[in-house]
Each structure stands twice: as C-alpha cells, then as structure tokens.
Amino acid sequence: MISQLTSPRLLRSLLPAFSLTVILLAIFYLQPRAMSYFGLNLLLNLALPIAFATLAQMCVITVNDLDLGIGAFVGFVACVGVTWLNDQPLLGFLVLAASILAYGAMGALIHLRNLPSIVVTLGMSFVWLGLALLVLPTPGGKAPAIVTAVMKFKTPFVPMTIYASIAIALIVHVALKRSAYGAVLRGVGGNPQSVARASWSLVRAKITMYALAGFFGVMSGISLIGLTSAADANIALRYTLLSIAGVILGGGEFVGGRISPIGAVLGAITLTLAGSFLSFLRISPDWQIGAQGAILIIVLALRTVINRSEARKLA
Amino acid sequence: MTHSALMKLSEKPWLWAFIGATCVWIATIIFTGGQGAGEILSAALSFGTFSVIVGIGQMYVITLGPGNVDLSIPATMTFAGVVSMKIIDSQNSMILTGLLIALACGAAVGVFNYGLIRLLRIPPIIATLSSSFLVQSSAIAYGRGLKIKPPPLLADFSTTKILGVPLLAICVMPLAAFMGLVLHRTVYGKSVLAIGQNPRAAKLAGVRVDFIRFATYVLSAVLAGFCGYVLSGFSGGASLNMGAEYLLASIAVVVIGGTSVAGGYSNLPGLWGASLFMFLLVTMLNTFGLSAGVRLILTGAIIVGVIVLAGGRKN
Amino acid sequence: MNDMSRPIVKLNSVEKNFGAVRALDGVDLDILPGECLGLVGHNGAGKSTLMNILAGIQTPTSGILDFGDGGTSTNHNVSEARRQGIRCVFQELSLCPNLTVTENARIQHPGIKGWNWRARARELILGHLDEIFPNHGISADDLVGDLSIAKRQMVEIARAFSIVDSDIRLVILDEPTSSLDATIADQLMAHVRRFTGAGGSCVLISHLLEEILTTSDRIIVMRDGDVVDSRPAQDFSRQTLVETMGSVAKDLHEFDQNTDSKRSEETPYLSIYPTEAHRGISLNAHKGEIVGLAGLSGHGQTDTLVRIYDRRKQYGIEMAFVAGDRQSDGVFPLWTIGQNISISSIRNLLNLGLLDLKREHELAEEWRDKIAIRTPDVNHNILSLSGGNQQKALFARAFGSPADTILMDDPMRGVDIGTKQEVYEMIRAEAATGRTFIWYTTEMDELKHCDHVYVFRNGQIAADLSSQELTEQKVLHASFEEAS
C-alpha cells in the first residue's frame, strides 16, 4: 500500500496539481486579497484561451509531433473572429470550419510524406500569420457580442474560467482517456506498429488528432477575443511556447503518447498564474518569459529524477 | 557527354535555390524595367549574409539527424548583440573585445543547451526552446531596452560595399567555404555526417557521438553570437527583437538550400542560394506591391512546398 | 465442429528465399486440431521464418498454405491469418507501453466498443490472466510501461488467448517463457495443455528442451530450412533432440590450430564478464586469437560485443566493429563505398588536418581488391552493392582501420558461400599477423575457425570450450538449457 503511494506513476500524475497548489498558495500568501472572486477573476483572466491552446498542442504531441504554428493559428482565428464572424457569421463560421479541415489535412500530409512536423508547422505559422494580416491588416475589429457575453458571464461562487476549465478538462479526458477510440489514438503515439498490425488506420488517427488540434485552436482564438474584444495578427504568437510548456508541465511527454488532458489544463493555469506570481514578487516583467523557460526546465529536470529512480527500482 | 553533365548537375540540390533566386530576380527587374537590378542584388547579398551565418550553424545541427534543431538562435543573437554592444559602448578600440564577448556569449548558450540535452535528457527542440526563453530574458534584463550605437568602425565594416559587393559578404564567403571544407574533409565534419545517417552505426564505427553533438550545438550558438554582433553593427545597435526573423530564416535556408531534414546530407552552397532567394522573393513581392500578408503566406507556402517535394526522413 | 483428424493448416512445399539465401527449403507440415507441436532447431534452421509465414507477416516465395476451408491461400496476410484464428506471441513485445492493460486488450480487438467497452475489455483480459496465471498480481489499470518484462509477457500471452469475434484455432508461442520464472512458465505450459485438450492447437518454440519434451504432443526438428524429423514427443529424449538438431558427422576439427597452449601461460589481453554482476565464466581473449561466441541468437552475445567496444578506451586497445545487422548498425546509406570503408580510418588519412582524398581513395581501392568487392568504382553509392558486398565493405572498414582487435557481430548474415570462404581466409591471415578477433556467429560451421569458443545462454556464458573440446553436440547442449 505504502509502496503504491510513493509509486513514480502516482508522483508523476500528482506533479501538475502539486505545482498549481504551490503557486496558488504562494500567491495567496503574498497577496491575500487575491483570495476573492474578483481577485481570482483577474488572476485567471487569460487562462481559458491558453488552456485551449495547450489542449491543441497536446493533441499533436499525442501522436509524437510538435506544432510550432499553433500561436499564429490562434491569432488567425482571433482575426477572423473580430471581422467576418462578427459581420457575416455564416462566412466566418465556414472559414473557421475550413481551417479545422486544413489542420487535419496538414496531419495527413505530415504522415503520408513522413515529414518533420516542426518544419511543416513552422512554415504554416507564416501562412496563418499572413492570412491573419490579410483579414485584419491593422489591430482592431470587434468580437461578436455573444462571444463577449459568454466570456464575461458572471457565474456564482467562483469565476466562469474555473467552471469552464473543469468542464473542458473532463470532456477531453473522457474523449481521449476513457473512450474506446481514444485508446487507439493514444496507442498510435505509444506503438504505431502494433496499432497498425491490429488493422487500425494510422493516417485516420493522425487526421483526427490534427483536426482536434485545429478545433481547440479555434476555441482558443474565440475565447481570447471574448476577453479582449479586439484582435491583431500577433495577438497569440507566444501561445506556441506557452502551449508546449503547458503540456509538459501537465505531465505530458514528447514521445510515446503519454499525455494528460487534466494535467494540461492545470499546466496552462499554472503558467498563467506564474506571471502574476512574479509580478507580486516584484520581479521585473523582463524575466517573465525567462521564468517560463526556467519552470519548464525545472519540471523536466524533476521528471528526469523521478524516471531515473523508477528505472533503478525496476532494475 | 553533355547528357551526363546535365545529370550530374541535376543531382546537386543547391542548384534549385540558385535557379529560384535567378528567376525571382529576373521577374523583379522585368517588372521594374531593368531599374535597380544591381542594387537589388547587392541588398540581397547584404541581408542574405546574415542568414548564411546562422544558417551554417543550423545546418550542422540539422545534419545531426531527426529531432535536432536549434531554436535558440534568435535569442542567442539578441543576447550576444546586446551584451557586446553595451560593453564596448561605441568605442572603436573595443571592437575585438566585443567580438570575443559575443562569441563567448554564444559558446555559453551552446554549452547550456547541450547540458540540458545530455544531462537532463530533454529533447533538443525543447531544450533549445526553453533555454531561449532564459537567454531572451537575460538580454532584456541586461539591455534595459536601450539601443547603444555600435562603434563607428564596426558600423562601417558591416555596411561598406566594394563595387556593390558588401564587405561583410566578402568576409563571410571564405568562412562559409571553410565550413564546407570542414564538413567534408575533417574528422569532425565526417562524424557529423555519419551521426546524421545512422547514430548507432556511427558509434560502432568509432565516432565520438556525444562529443560531436556537443561541439555542434556550441558551434551553432557561437555562429549565432557572431551574427548578433555583426547585425548590431549593421543595424545601428542591438535591439531586443533583432533575432526574431532568424528562427524561420535559419531553418528555411537550410531546407531550401538542399540539406536533408532527415540528416546526414548537407549542402553549404545551397545556403547562399536560399538566402538570396528568400530575400529576392520578398523584394519581388514588394515590387509587385503585394501586402505583408501575401508575402508571409508565400514564404510559408514555399517552405512547406519545398519540404513536401524534397520528401521526409527515410524510413 | 472441427473434424479432429483434418489438419487446421497444411503446408505444401513452402519455400522462402531472402535474396540468395534460402531460408525455407520446401517445408511440408500439417498442424492437427488439438495438438501441441514443439518446434526446435538451431539458429538459421528456419523456425522464425516458418512462423512468420503462418502468421501472415511474410509471404512464401512458393508453396501452398491450405487452411482446409476450400480456400488455399496464396496471398496470406496478417488480417487473413487473424480471420483463420491464428494468433502469435512474438519475442519482441507488441503492446503499447503508454496504455493500460485494458486499453491494450481493446486495441487488439476492434470489436470491443460501445459505452461499456472498458468493462468488457477488462473482464476479457483479466479473465484470461486469471485463467492462465492465477495470482498474477497484475491490475487491469496498470500501465504496461510500468510493468516488469515478465508481467508484460504475461499480458501479451493472455491477450493472444483472448477471444472476441473469431475463434482461435492456432496460437504460436515463440520463446514465450524467456522472461518468465519457472512457476509462471509451468502455469503457461499447463494452460497450453488445457487449450489443446479443448481442441485448439499450439506451436511452441523454446530453447528449454524440457519444456518442449513435457508439453508437446509431437516435436518437429528443423535444420537448414527443412523439417528433418517429426515424431511424437515421447519418442524423443533430450539427447536425441540435440543429436537430431546437429548435422550428421560434421568434423569441427578441420583446422586444428593448437593455439590453446598460450592460454595457460599468458594473462589474457582482454577479459570481461557478460553481465554487470560479474557472475559465471568470464570471456578472455589473447593476442592473435580468434575467439568465437556461440549460442542461440539473442542470448547476450551482441550486447557483450557492444560492451567490449564501449570499453575500448579502458582497455587501451584500438578496436573495430563489424556489424551483422547492416541496415541498423553498419552502413551509411548516403555515402559511397569508399567513404563507408574509410570512416574508421580517417585519423590516419589526414594531411594538415584535412582528409587526403587521394589516400582515402587508395585505401578504398586497396581493400576493394584485397577483399574482392564487386564494383567497378568505389565512388559508387554503397547501396549499389548487393547485401553480401555491402558486408564486405564493412569488413574492409574494420580490416583497413588501425584496430588490433576486431569485434564481429554475426557478420555473415546473407553472405553467399564463396564470399564467406574468402572472408574466412582473410580472418585467418589477419589473426596470423597478431590481430585478435572476437566473433559472434550463429553458424556452427564458423566455429571451427575459432581457437576458443564461449557458448552464451540467458546473457551468461554457459560453456567455455577450447578448439580441441569443441563439438557441435557440446555447443547445442550448452545452448539449450539443462533441466533445473
């Protein structure tokens, strides 16, 4: 029983919740006023779009790829959101649906031609950025009223972000970790040969995961404009890095299909809070992104330590 | 005989980059009616040289095989530029010291990167990405956003043209030729090529895999440092986003230049062709009066197109 | 339902060639319902190839597989094999390490879906685990990657025996007990008996002859790509099995060297234990010796060679490695023949720090002529050569290097007989000049070129034989485990 409590697997899965708790306690300690509805709302303001972007990245990482274009894609969605989706909802809707299909097609291309995902997605990031500039050449636009209304909706007890985060974390958890096809999708990351040998289509799995990534990218962009009202093409470029960090912080691994949707959402929230935490500590904003890098490195280092102790135990 | 000569030529993937560059150049001057043909070429050579410098480092890293790429190049450039400019404080007498400092900054980042890769077993993409956060933050914190003018001598050196050919390009050409020689004629270069084709076979053929990988990541960072230094001289000081466009540029010139993303095969002359091509393409689109959005889309589409045509990693 | 006398599969003169190498030489075989068929043979006898053909992973070059349902399958493949109710447990595991035991069962069975798939998959896999390995201690929610190798093997076996949509008629077990301890192995053998008792069929491959003798109804012995004997299990003994596996009256003393006299006097040039634990017999090599490593493949020989190679600095010996698995360990596919040969000698070909291309070319030409690589030009790509000639280029790489010890990892795979003779000559000539060879081989014939032979079993040395003591029987006896 004791050995089960200290098992590396449990430690690994508790790490994201643990880091979130630590940072939350630290914030409350430094700034007790943050422990209120208003305070939480402020702290978690941008958590939802980042959580969606992180889930998008997680889908791609599940099948052993990496998406270096998700930030630019979210920016593109935001630009479409504040222009076409507002002015001509049907057109906007169709464009967003097509962009999800484009993501799926990208997955198929990467799989069929056996291309390195980082080069393809990096190249695509320029395409998204260019499209965003075409749609919205100068910052501005207006988010559809309904999107703004939903994002600014005041829920009872705790801010909407918290309910929404719990809900999407659970939905994605059920879809990827509990459903019958979800097991196959994750199996593709773990041992593609064996999945293919059991007569599953690998290309179908890749398309599914990339299209899912596109879908979460769209959700990220839409939720983002609900908070900011306006947009510009560069609005979400940093999401690329944040989303990777969020997945890793949430217990995901780069290869082998080991991912955790709940962890990824927790990771995204932790990263959002880390920014506030640093400003409470009066650390200059210069070190904001540096701190994100440091957190990433520390988490990976911790994980290496845990994995090594596990390897020693097995040996 | 001419047939086989043609066959030989068509086997040289770098040729395509030069053909592309020439076509784009011709299209541009047809549009301008022959005006500014020389100036365009001269400017392309000026700007292209910077891509070549970082491209050499990136090429060596990519040649190490799938999964190897240096994403810290932009941050390293900024860091080296900011630190060296601040220390030499516009004094001509400090030019050499400044150069050494810039190279040392690069070396430090390279050692740190490989430390993450080797000691913490972090995949190179994430290791260089997260270290780039830290490096970028250090540059911001150290530079305090001040743009210090480069020493006049350095500014002159990096902007002077002899008969329309930039002095910097004249200096970098031998460097590039030397690095080409290193690749094919030294123990180090041969080892890089061997590791890229088959790391296990390389190890069993007596190649010191760890050391070579270490040296390559340091080489890439040192060249980024050098590029940051001369670019600061060229553009009137180090700015915090001076490296930004070189993330894609360094990868793009390698891929378009005919280096295999699968590793083990690289192409130095192609870097020049690809750098010229990339710059001339943007010039052409500008001349045609196309917007920034279209330029970005075409840049991205060409990179994706080239990688799709060139095919992916071997199975 | 099944007619107990009609075979579930009938193989008719099945042949399989890999290039010039004939892996199966017209095998005729019936597998009857309800029988456990033991399959034994030494390396290269054709066991794995035959099983891969049954499982649909490889297609025979010629011959017929008759499943008795009217359809004689000429293009038998994996899904067809599944349809016929054939399942395999291979030595390399085919589970997804990032998924739980339940989820792995689900992946294997597309039929398990719907809202309660998890409960059904869990019941299925746990049911079979409980049935085959009582007290297995595996939870259905364990991640496979967190399980020990033995438990993973148990899951793999239970999964192969689990039925969802189609009946299982034949289960192929290829070394299923290699990572299981004796109690669990006994449980598995008992299950095999129950399974065959209920009308299913099994093919059992194992290096544990006791296991084969006690569990099988019938044993077939393969040698050189053919079935050489097929008898009821009780007609065999350990002794007769080993004798049948060996070739008749082969003289391994053809080249008696009498180099053993050195052994007692000199301290060895190199000495290593095959395991970290320093257990058992150590491997010693003396200068100018040809040391052979024998035993069934996959019993630690390659790992030991790589360990020796990794420690070359420690020993202070220059070494070269001749890979047997050319694609993954040897060839640089983008390079020319010459570049592939020179890579291990570059340090000796430098001129002011730069590789001297002329000397590189001369080295390549010299070795092309010495070792007779069949190519008009060493500047051609390495892949323009046939497999055997690629292998010669790898020999040239090692022999042309300054190394004084050469490690060879079963390097004659896929090499034709003429080439082999040439290379044997070269090895003997090189050894005579004082070079040391450590040579892992799966071919009995090659051991006669060795001055000393170590037989590996389960990662340790099971026998230490001088060339005088060496007989095929001894090697076979040591390779196949004694009853414990």
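When the chains are written out, they are named A, B and C in that same order, and each has its own residue count from 1.
Criterion: a contact is a pair of C-beta atoms (placed from the backbone, for glycine too) under 8 Å apart; a residue touches a chain by one contact, two chains touch by 3 or more.
Just so we're clear, the structure is a prediction, and the values are computed from it rather than from any experiment.
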item	value
Joint neighbours of chain C and chain B, given as chain labels	A
Selected pair, greater C-beta contact count between A-C and A-B	A-B
Euclidean distance of C-alpha centroids - chain B vs chain C, Å	46
Euclidean distance of C-alpha centroids - chain A vs chain B, Å	30
Interchain centroid distance [CA atoms averaged], chain A/chain C, Å	45
Touching residues on chain B, where the partner in the complex is chain C	181, 184-187, 190, 193-194, 197-198, 200-202, 204-207, 260, 264-265, 314
For the chain A and chain B complex, residues of the former touching the latter	66, 109, 113-116, 118-120, 122-134, 137, 241, 244-245, 248, 254-255, 284, 286-294, 296-297, 300-301, 304
Parts of chain C lying in touch with chain B, wherever the complex brings them together	306, 309, 319-321, 323, 328-335, 339, 343-344, 346-347, 350, 353-355, 357, 397, 401
Complex contact set, residues of chain B against chain A	66, 69, 116, 120-123, 125-126, 129-134, 136-138, 140-141, 247-248, 251-252, 255, 261, 291-304, 307-308, 311-313, 315
Residue numbers on chain C that touch chain A, as the complex places them	78-79, 82, 94-99, 103-104, 106-110, 112-114, 117-118, 143, 145-146, 148
